[in-house]
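Each of the two complexes below includes chain A, the first together with chain B, the second together with chain C.
Coming up: the complex of A and B.
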């Protein structure tokens, strides 16, 4: 105590004053900072995305957000616009003279950023690389597997004509090419790294690339078309839901996707934002394991479809941002969406009746696995489904798993898989075959086997015309509905918040491209 | 010499232990190939890639290969970034060092200031209130405190960005949050150390020799009171590095912490292991330096 009294000298009065100043300085600095302001300077756009964008090479595929960035740097032969229509891009036209032949006519005078022209030889070199498994194996995973198995050869007929010869008829081939941009392989051969840089040909060129923080683009003067409405674009990586929410609340981003559905309410009162959701092309469903009873019984599978009140789940947990699926895995964004099919109604009496006719009048026990946290709201959804199934006597043992363990389980033998699993799948190209292939027996993760479905799917892969394709897709979806191959739930909502100063439509596939945006009128 | 050799050996043991635990823990959560191949994979493609990435080998073999790679710095390629995992991590180190360094600097400065004030403040409130405030801040979970800081300074007042990088403004909130990891305990220890040193024999001797009060305070009380603080700072380097995981994720700061969380979520095993390796080595090196520094400052430490 004596010491304390002694050190309370004038010198020490100075010391604590110094300390107060030290603490006060940051506060004063902060006071002087003023507002951080909104996201966009005039003619600049900031987009918040929920995933890192690790790779700019079109041979890799980590997410639709990564594809969105790549599609603005590199031109593809075709493109899917924001209305989800297939439109020309590097190719001005194409034809399908034979079921296994596709001929594309290229746009004249298109160059990369450094002036190198894009010719049929450039396209051929790119697809030869895509087809070469050894060249792309480590970065592509299975992303190029369909190209590698289905494209037999590519031929540059002349500078502006390229011909693809396929190993099978592929009516959706032109749509698939929209996700495979053309890069400058001579630029790569000079020692440049296509995973981290770009010699752009698209509407934007790369300014800076920080895969976990921000990717900055600016309008590409070498682009053949109209300059984009925004001359500078920043893709800001906001991996945590809280970061996306606060960035939207602080107006630091003009567009942000994949907000937590429960967070939307916090943004709806903000008059500067348009907040909402679109039904994505990713559909929730429950995959039965038909290799074991009672799921080998059609009545049981149907009973469960009637026992779950999907409208109650979409209305409450999803806040009305999506609606029950129409008794199929396709929804409106897919060309083959079957408008004749209707949702399974919620009918407990009918469910119990079907359980009885299926030999389970008192219900049964089942295991239901799911990849915890992997899809929006999945943990809440499975609990609601389990509770509703419990109401008809089906006792559900929920088995949450990490995504890796869940995928590993489904890729393994059916005898080791759970009785059923909750999944939400979508193909990269929003095409019918991409989605329907998940339910064929050839697909590793599928444990819900239906030989009739397999027959129809095999026929679909051989369809030579659009009409034949559409007819078989209709039969497939009808078969899947009638056979209750799955418990159909609903499409996942793709949530967004957009500053009202920006005019932008969010497509169901989550492709979020700055050149689809313009200042609001 | 024996002291340094012993410290070096325990440091290496600590790094090996951390890597081994993380390696086996990661491999118990499933194969990364399952996620890497995506939705479109057939069984043949999964098998092919499993072989190509070497995940079909027995776990022990993979462990030995991993240790060999770690020793030579030749980590396997990141599954997401398609380049040497160690390079990917090292690219993020400056961002983490900047954030952690400033967080530690602020934490130490505030901690020493508050500790000094708590020991020497003229009035009772000046001895108690600042210390109470930072101890209260320490009691709040960092993630909650971070959210509160964002709510006040970004959303309510609009003074600072909610996250991101590229400007000094982006540093203020995360650095403040990180400083909370260090400041309270440094303040408490420094205060206690000053008080106990004030009554030490050597201080009385110095006063008896007629040294000025200023000289006694600086040379004989404060300098000696810093020894336990320096030890504590070494511990806090680790706390701040692990705190950077939360802070970087919360504020979207592109450092090693956020990189390792993203890598873990995406099952990028090589990247997770490279991150752990870099952080563990960094932590051990800092502690080694702290031990050596303490030994230089206080010869008694070498005897222990």
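Coming up: the complex of A and C.
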């Protein structure tokens, strides 16, 4: 009996030791780590973004998230702050002495990370490269088309003064420059790849670059300004809505964007998070491929506008965070938003009538592509739109694509593109010209449906006064509405979840920069 | 003597018990399969709503509300109807693919086993190469190039399944080739195709059926995985894998969205696996499966 008791007590002692070594110690360690771990570690910020960030060269442009990262590595002449105001950055001041002349005065003593100074010659070399189609053809797409067609010459007047001579008056030129940072071309000439690396001049420098997984930045000691509040920043690529939601629920990220609006409800009960949405400068629309029938027919384009119940979609899938667009691609953030236009109503009978008058009384089949997961709620929106078009006899074959493939399709040959595509485009500078340029006939999807649009757009580029500019923009949006050039849907709500330990404002242009964030007081 | 008798008796009793257990396992498996497959086949007759009918004013409704037994999804579509219809794509794809893989595997396996030589070597190496590539990876690559359609999915699953059939049939055919009745047929100048049809095919069929059952469950998992990854059929077509993927973000608000198709898939997989094991016991091919597969 004594023996048994002894054995048992020995077992008990052993089991307590096992418990301590296997459970208690790791638990205490985990608790200790947990108290300092998680996303909101002091001085570190983790931002979840919905798209891959494939390129760090400012000559390429894949999304506002990519531009956000680049804008923190490289300084531009100007910058757009959190309140969406144009502010000085590398240039301390600028003037517009003639409609086609812009003169910028540069900040003294600014250098790249390796100590190379940034002078007027550096700026000139960068813009000469941006203007040279052959130098950036492989990566730029149409991103630099406006610079290439509108900048006649760049002159370094002295070390700190640079003068741009334009081919046309361009009132928003300084705003456009905010999205064209200056990089170290001598560093590139030494054999470094600017698409994958950076000799930084901005508030952060590059630590590691994995375009489909994570980009890690740290504070740049060579930055001229105040050091950023967070010394280390990680941009985590979370391409699926489920991954974004899970990361937010697990507090693996401090800031996460583009959550599906219906998913926000799952986060609203979390006391550690601020959850919401801002109206972004992106408007969902369906871009008809007008190079082929039946989308070259105005009645058909109009019919589809009447066939979709946008209010029902915004009320349910968008959880009421947005409302149907006013029959145009501009909304409140754009200066030229046309307040006279009204949304196309939902009218199935009218849609069927227009289909008949357009020569398709029994409907037709169409392919509809979209960048899956790239914008809030897009995968559900396309299903709702397809079902509603099905109700008037238009059989939609949905074709999900990766964002990269979708962008390639938009920049490729119209004959290889789908019949229509769902898009939510926005220019980097939230300016009317930047948005309206997508609908000139030089773009893949819209082939010569309205020659007058091209004429008006050319006139817009030459407008010398704000009044003239506003008048032409109004006319352009009116024509686009009357021609039903697109199936106008609704502005995209830019949804977000932010840890309450972080103070950050989400601007409508979706630029999400760590140096705009600070620990909450 | 009595010890030997006892041992024999115990062995028989154990065998009887095993047979009984195996039989129960088969019945449970068949019942589970029937429980899922029959409603899926008759979905057009029993589904209360169209699986694609939207009702945007009644999204994410809870179970037993507004005439929706399991509630509705993010687009207000009836969840029960979608679960019933959602099994049709996996079942059609996997059944067709396994049938195709079995035909290819049996024809090539019997031919390679009977003829031997360079034909056997060539086909066997090809099957080895095929086996070394994970089926899901192969499917992802093929779908990326060819695009997703019913035909592509069937071909993708069949391509991943035929080597298992081939290896088992080939192994059995090599041993059959040395059997006296086959040698007698060869000596008697019976044509090769007749020998394969009369003597080989009936003997390899039990293994083919067992392997096909196991391929069925593997194929179902791949189809569900592809749907989950967004590489299934059209995004608006009900499909269990895609439904689980789209429902996972709503676990807190409407957990049935992901769980209902998941349970249907689980029951079907369990049923197929139990039937496969039962058939393997019934035809005593477990050892051969281990050697061949």
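By our rule, the second predicted complex is superposed on the first by the 308 of 521 C-alpha atoms of A that agree within 3 Å, B and C clash if a C-alpha of one lies under 4 Å from a C-alpha of the other, contacts with A are read in each partner's own complex, and residues count from 1 in each chain.
As a convention for this text, a contact is a pair of C-beta atoms (placed from the backbone, for glycine too) under 8 Å apart; a residue touches a chain by one contact, two chains touch by 3 or more.
All of these numbers come straight from a predicted model, not from anything done at the bench.
Engineer: Figure out whether A:142 sits in contact with chain B (first) or chain C (second), or with both, or with neither.
Structural biologist: Touch partner of A:142: chain B, not chain C.
Engineer: Which holds for A:242: it touches chain B only (first), chain C only (second), both, or neither?
Structural biologist: Both: A:242 reaches chain B and chain C.
Engineer: Just chain B (first), just chain C (second), both, or neither: which does A:380 touch?
Structural biologist: second
Engineer: Just checking: does A:400 make contact with chain B only, chain C only, both, or neither of them? Give me first, second, both or neither.
Structural biologist: It touches chain C, and chain B stays clear.
Engineer: On the superposed three-chain arrangement, identify whether chain B or chain C touches more chain A residues.
Structural biologist: When the residues of chain A touched by each partner are counted, B comes out ahead.
Engineer: So in the superposed three-chain picture, is A:456 touching just chain B, just chain C, both, or none of them (first/second/both/neither)?
Structural biologist: A:456 sits against neither chain B nor chain C.
Engineer: Output check: A:198 vs chain B and chain C. Expected answer is one of first, second, both, neither. What do you get?
Structural biologist: neither
Engineer: When the two structures are overlaid on chain A, which partner does A:250 contact: first (chain B), second (chain C), both, or neither?
Structural biologist: first
Engineer: Does any part of chain A touch chain B in one structure and chain C in the other, and if so which residues?
Structural biologist: 242
Engineer: Mind pulling up the chain B residues that touch chain A in the complex?
Structural biologist: Residues 29-32, 34-43, 45-46, 48-49, 52-53, 77-78, 80-83, 92, 109-110, 113-114, 116-117, 119-122, 126, 130, 147, 150, 153-155, 158-166, 169, 172, 176, 195, 198-199, 213-214, 217, 249-254, 258-259, 261-262, 267.
Engineer: For a test of understanding, state which residues of chain C touch chain A in their complex under the given definition.
Structural biologist: The contact residues of chain C facing chain A are 52-54, 56-57, 59-60, 74-76, 230, 234-236, 245-246, 248-253.
Engineer: Which residues of chain A touch chain B in the complex?
Structural biologist: 3-4, 6-9, 11-13, 15-16, 19, 22-23, 26, 30-31, 33-37, 52, 54-55, 57, 60-62, 137-139, 141-143, 145-146, 195, 210-214, 236-240, 242-243, 246-247, 249-250, 252, 402-405, 407-408, 411, 425-428, 434, 437-438, 442-444
Engineer: Which stretch or stretches of chain A touch chain C in the complex?
Structural biologist: 241-242, 245, 260, 262-263, 265-266, 309, 312-313, 315-317, 372, 379-380, 382-384, 386-388, 390, 397-398, 400
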